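Take a look at the structure below.
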Amino acid sequence: MSSREPRASGYFRSSYAQGLRLLETRTQWTALVLFLTALGIFPFTATSFQLDLACQVFLAAIGAIALMLLTGYAGQVSLGHAGLIAAGAFTAGILFKEFGAKFWITIPAAAVVGALIGLIFGLPSLRLRGLYLAVSTLALHFIVVYLGGEYETKRGFSTGILIDAPRVGDFIIRDRKIWYFVLLSFAAAALLISLNLLRSRTGRAWAAIRSHETIAEALGIGVPAHKLLAFVISSSMTAVAGALFGYYRGFVSVEAFSLFLSIQYVAMIIIGGMGSLLGAILGAVFVTLLPYVIEYAVAQLPNARSYAGMLAAFNYAAFGVVMILFLIFEPQGLVGIWRRVQNYFLLWPFKQKPLGGGRK
Amino acid sequence: MNPLLRVEKLEVVYGRAITSIQGISLEAHKGEIVALLGTNGAGKSTTLRAISGFLGLDDARVTEGAIHFKDNSLANRPPYLITKLGIVLVPERDKVFPNLSVVENLSAPVATAGANRKRLEEMAFTFFPKLAELRGRTAGLLSGGERQMLALASALVCGPELLLVDELSLGLAPVVVEDLAQRLVEIRDKLGITILLVEQNATVALSIADRGYVLENGRVVLDGDAARLKSHGDIQEFYLGGAGERRSYRDVKQYRRSRRWYG
Amino acid sequence: MQLAINIAVLTAIYALIACGYVLIYRVSRVLNLAHGELMMLSAYLLITTASLFSKTPFIALGAAIFLSLCVGVLVYLFLMRRMTGEMVLAAVLTTVALGVLLRGLVVLIWSAQQQNPAQALGWVNHSLPVFGGRISAAGAALIATTALVYVGLFLFLRFSRYGIRMRAAGQNPLLAAQRGISLHVIYALAWGLSTLTGALAGILISLDSGLDSTMVLIGLKAFPAALVGGLDSLVGALLGSLIIAAAEVLMIYYVDALLSDVVPFLVLILMLVFRPWGLFGTREELDRV
Amino acid sequence: MLKRNLMVAAVLAGLTGAAAAQDAYNVGLTGALTGPAAGTYAPAVDGLRIYIDKVNAAGGVNGKKVNLILLDDSAQPAKAAANATRLVNDDKVVLLLNASLSSTFAPTIAESQKGNVPLIFASSVCPKDVYPPANALQFCTTAFAANYDSRAVLDFVKATAKEPVKLGLSAMAIPISRGEIDYAEELSKTLGMTPVSKQIIPPPTPDYTPFATLIKDAGANWVYSWAPWVTQVRTLEGLRRLGWTGDYIAWAHLEAENELARLKDGKLYVVGANALFQEDLPIHKEIAAAAKAANSQYPVNQMAEGWIAGMVIEAALKAAGWPANTDKVTASLSNLKVDLKGLRGGELQWTKDNHFRTKQYYRVYRFDEAKGAIVRVRDWQAFDVK
């Protein structure tokens, strides 16, 4: 940085407005621009399989960000995330099949349905905490999947509801490159909405509730309202991700929303690092790509073809092993690694942060 | 004679950032009752935790100094092994298992190697006969004093050589405290158990202790015989609430200047 | 009458599985979501021991159960021990990861096809007449085993020193350590016992109706039973299992079998609304998790 | 941020490192090789793999190797979608195969249509689109067939039953099985039978006795089940446990041969389209030898499905010539005749608008307690597919 003025070495904010700013230094701007450029170039150099993976990552990122808001920031544990994704997907699917509704109706509809479900299933959170809350959200998953399954069978869509590619005027979103940008912009929107929420009064209220409900209440924070708000916002975002999933894949079917999916989302926020949006994104990338990376790595073993049948089981087992190793050796999550690397370069040639101050 | 417990220049840092105690040295000889006095945040509990091996739970660690017990260094030992060596802590809060009955509370502890467990359990009842009446009662339903008795009794079952008692008097009526204090003396007299008593209530502590240490801001500022401490002007004024007329805060500085620094 | 027997067998199945969840939760506040997989692993271990000791089915059975106990202890020593002190959610996720690993391993070692331990042991699952209904031998064994396990666990926790220590460690691990109790030993014991009861369930179910990877799902279905009863109470687990099993069987009989998957969770929600800590759970648990 | 992007890019780049072999026929399969459904599909896929390996060892097709790419979807639609995308777009397969639950059909079909790649359902349920008039790109080699199976079964029941049939029905709570049993219920009425009880059983059921109790109490003397083997056999075991002595008829899945021998139940009939291995035809010996050489972990008698798929693929690629493209393969598949050497009742023939087979043959087996062996109850019977 060739600035004439001496640069501050600490992290100083002299007004609240500064604290609310998203980007503070020129380095951050540069990094952002470079990153966006890279994201923009990527689809033109990638194969369609890579594009598909990227799209999966974006979808997962929306869901993970939503769950991070709820669990990582507001402190409300949820195991019903797959149910919400299913609710969004089915809203889009049913509206399309029954009423031939358009893209720009079904997506907001999914958001509204998600918000309503979030409101209903946020109610137990007023009474329950921790594990018990998680289980009550688990019930949500089973109910949504049951209803979806009944709809499918009763209407005779036994292999799933097929949804046509969304159409804007005469333009049909079918090409994967276009999907890439559509999903990227949705993910970016989710990120921005979350960032804005978190740096506002709402975000601070959530943080207070997560730390200590009683004290938060004593500080004059409307605990029930803010808890419900967290559920509503998170559920709404998740349901939109579900509707997008339906459109992107071109089908909706209950089997796509197993309990395992919920667990994958929880894995994303824990592996990514609790209480960090960057963590949610890193977690989404990691959990989505890991099976494919393992599959690829295993396929490189000599003579892999001859035990192909076992290979799949091996992939599965390896996925478990990597998750376990991660949980044991990096409890801070990917964000922990990220910060360590960042600090290493920031502080170089020193090894440790001085006491106090510094950026967390 | 070597002291039973020797703490040398102990320094404990919480979360790699906050130094809680600095250069604390103290000793406890066999059969002594030693009082550790100080206000909130003086570092009494930290010292106890360091001795009983519970620092790790709060992301704290001993950065300097050493703790010796019967010529064993206690550094890096898990709590249950420290108990097995013969150091038993009666904690400040949550001192009994609330859903277990009194008898079960007494049969849960693991005795030190070679101790006669049956005899220990009987002894617990002889020191605290009231517990015998409450045998089948769930510990969570006991009164504060009874709880403290049960906590002391179940600590005795571990067969300690050194008993660490954190805030004996906390939340208890003066009569009960008096009674419990006498029991401690009895335990020391009959079993020869050394007792390290951490207290805010200096009156009680100094009435039964042989020696005492006064901690402030993580340092030992005064030490000596109980009698000497009792008569010390600052102790009189700040801990025993005596010394007649009120002084203004300006004079408090005098006290600050007069304290001794160890380590 | 047959209705009552059907409910009894299903209750026994759920109760035997649920006590595995309860044991671990009660002691270490961790929810073991790999319980179904551990159960399945035990049943597969029986396939292997049955081929090793094909002449003596009871030795094969004993060996499989003993191996399961070892697996449980090893899981604690090598895996869950490292998660002590971490976020509970992370520990739960670790058990999920363990489950994924085990599922993969089982397919790797025993392949994905259906197995029949009863056949491997050379046993025939006779059907016995009782009180005007009929019950399979394995079903009867299930009920008997469940009764034995619950009585045994009750006696163990109430009267044996290690049982009392286990309860103590569950209530206040810090104090337990101060009283000289080695938490690692207690936790390892809990994991071992939990896997042992899971193994009994897995083996008996597979003796009754064969073995494949759907066993995992059965493990998961017992979970609401444990919760309805209160996650830290054995009596609760038993009663919870009865409620869930009865609701499920009655639903099959009189309403719609398809609802039987959802019913346990509906019961659960009702329970959570009125008594969030379960029928017999301790109230304070709510604040701890 | 930049670093993360680079890392992602590196990982993604790595993933496609497995460049498609240019000098071979690329054939891709997405299947349930792990997970709860694997028991049904993994053995068939292993059979297919062994067959293709044998073909390659013998010099390949038209002098070119067949590069069979196996991907696991654990019966999860999202995974199947990613697999199909990769196979069609990156591996540039000329032929796509699905061996998984019906939940994976929609995404696989979607990719096959987008990429104009022919798709064979091998060992998975045949979707509606393969029956006449068939979708141009979808084919099916799987033995069982909705509606035709129930026709054959009820036809057999009607011919065998000596007294009026009170029919109990059992399905697994998956759409395909429910649909078929609903169909059978209607059909049985037209054949003069009385359907007395229909049970739809959710897959993770620990105890089948409650369902069996209902069937028994309804007074059924014949019970028909068309579902994955687990449900079929556990319903039967539940019934027998209750002392029910009626006749039971079920579909002969891959597991049937071992299971008949295990159950030793004289009144259990299985209806199937594949010849059991105990017939010991030359082709069966050949499969056994190949499976043994390949050290497969699955029993030989579960490999017929995979073997048939292999024979079809070989024949189709041969007819398509070299170099092949998707259009040529589709064309050769749409006009194909494969001699199955006795694995089924006759040859498998595909025409322009029939991608199932022109004739479906059924055989009925049961275990004969007196002989201590499985016996044929009814030999091949052909049903025309229209």
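Per-chain numbering from 1; labels A, B, C and D assigned in written order.
Here, contacts are C-beta pairs under 8 Å (C-beta built on N, C-alpha and C of every residue); 3 or more make two chains touch, one makes a residue touch a chain.
All values reported here derive from a predicted model rather than from experimental measurement.
Enquirer: Starting from the defined contact criterion, work out which chains touch subunit A and subunit D both, please.
Expert: A chain counts here if it touches both subunit A and subunit D, which gives C.
Enquirer: Tell me the fewest steps from subunit B to subunit D, where a step is a jump to a chain it touches.
Expert: The fewest steps needed to get from subunit B to subunit D is 2.
Enquirer: Quick check: more C-beta contact pairs at A-C or at B-C?
Expert: A-C
Enquirer: Could you name the chain whose Cα mean is nearest to the mean of all protein Cα atoms here?
Expert: Taking the mean of all protein C-alpha atoms as reference, the closest chain is C.
Enquirer: Rounded to a whole Å, what is the gap between the Cα centroids of subunit A and subunit C?
Expert: Those two chain centres are 33 Å apart.
Enquirer: Please tell me the distance, in whole Å, between the geometric centres of subunit A and subunit B computed from their C-alpha atoms.
Expert: The separation of the two C-alpha centroids amounts to 50 Å.
Enquirer: How far is the middle of subunit B from the middle of subunit C, if each middle is the mean of its Cα atoms, in Å?
Expert: Distance between chain centres: 43 Å.
Enquirer: What whole-number Å value describes the gap between the mean CA coordinates of subunit C and subunit D?
Expert: 35
Enquirer: Using the touch definition from the top, which residues of subunit D touch two or more other chains?
Expert: Within subunit D, residues 33-35, 42, 297-298 contact more than one other chain.
Enquirer: Scan subunit A for residues touching two or more other chains and write them down.
Expert: Residues 310, 312-313, 315-316 of subunit A each touch two or more of the other chains.
Enquirer: Which residues of subunit A touch subunit C in the complex?
Expert: 71, 77, 124, 127-132, 135-136, 138-139, 142-143, 146, 150, 259, 263, 266-267, 270, 274, 310, 312-321, 323-324, 327-328, 331
Enquirer: Which residues of subunit C touch subunit D in the complex?
Expert: Going by the criterion above, the answer is residues 2-3, 5-6, 9-10, 13-14, 103-104, 107, 111-114, 116, 119, 125, 127, 129, 134-136, 139, 205, 208-210, 212-214, 216-218, 220-221, 249, 252-253, 257-258, 260-261.
Enquirer: Note which residues of subunit D are touching subunit C in the complex, please.
Expert: So the residues of subunit D touching subunit C come out as 33-36, 38-39, 42-43, 173, 199-211, 213-214, 217, 229-230, 233-234, 237, 240-243, 255, 262, 297-299, 302.
Enquirer: Mind pulling up the subunit A residues that touch subunit D in the complex?
Expert: 31-32, 34-35, 38-39, 42, 46-50, 52-54, 56-57, 152-153, 158-160, 162, 245, 249-251, 253-256, 258, 260, 282, 285, 289, 291-293, 295-296, 299-300, 306, 308-313, 315-316, 338, 341
Enquirer: In their complex, what parts of subunit C are in touch with subunit A?
Expert: The touching residues are 31, 33, 79, 82-83, 86-90, 93-94, 96-105, 107-108, 112, 220, 224, 227, 231, 258-259, 261-262, 265-266, 268-269, 272-273, 276-277, 286-289.
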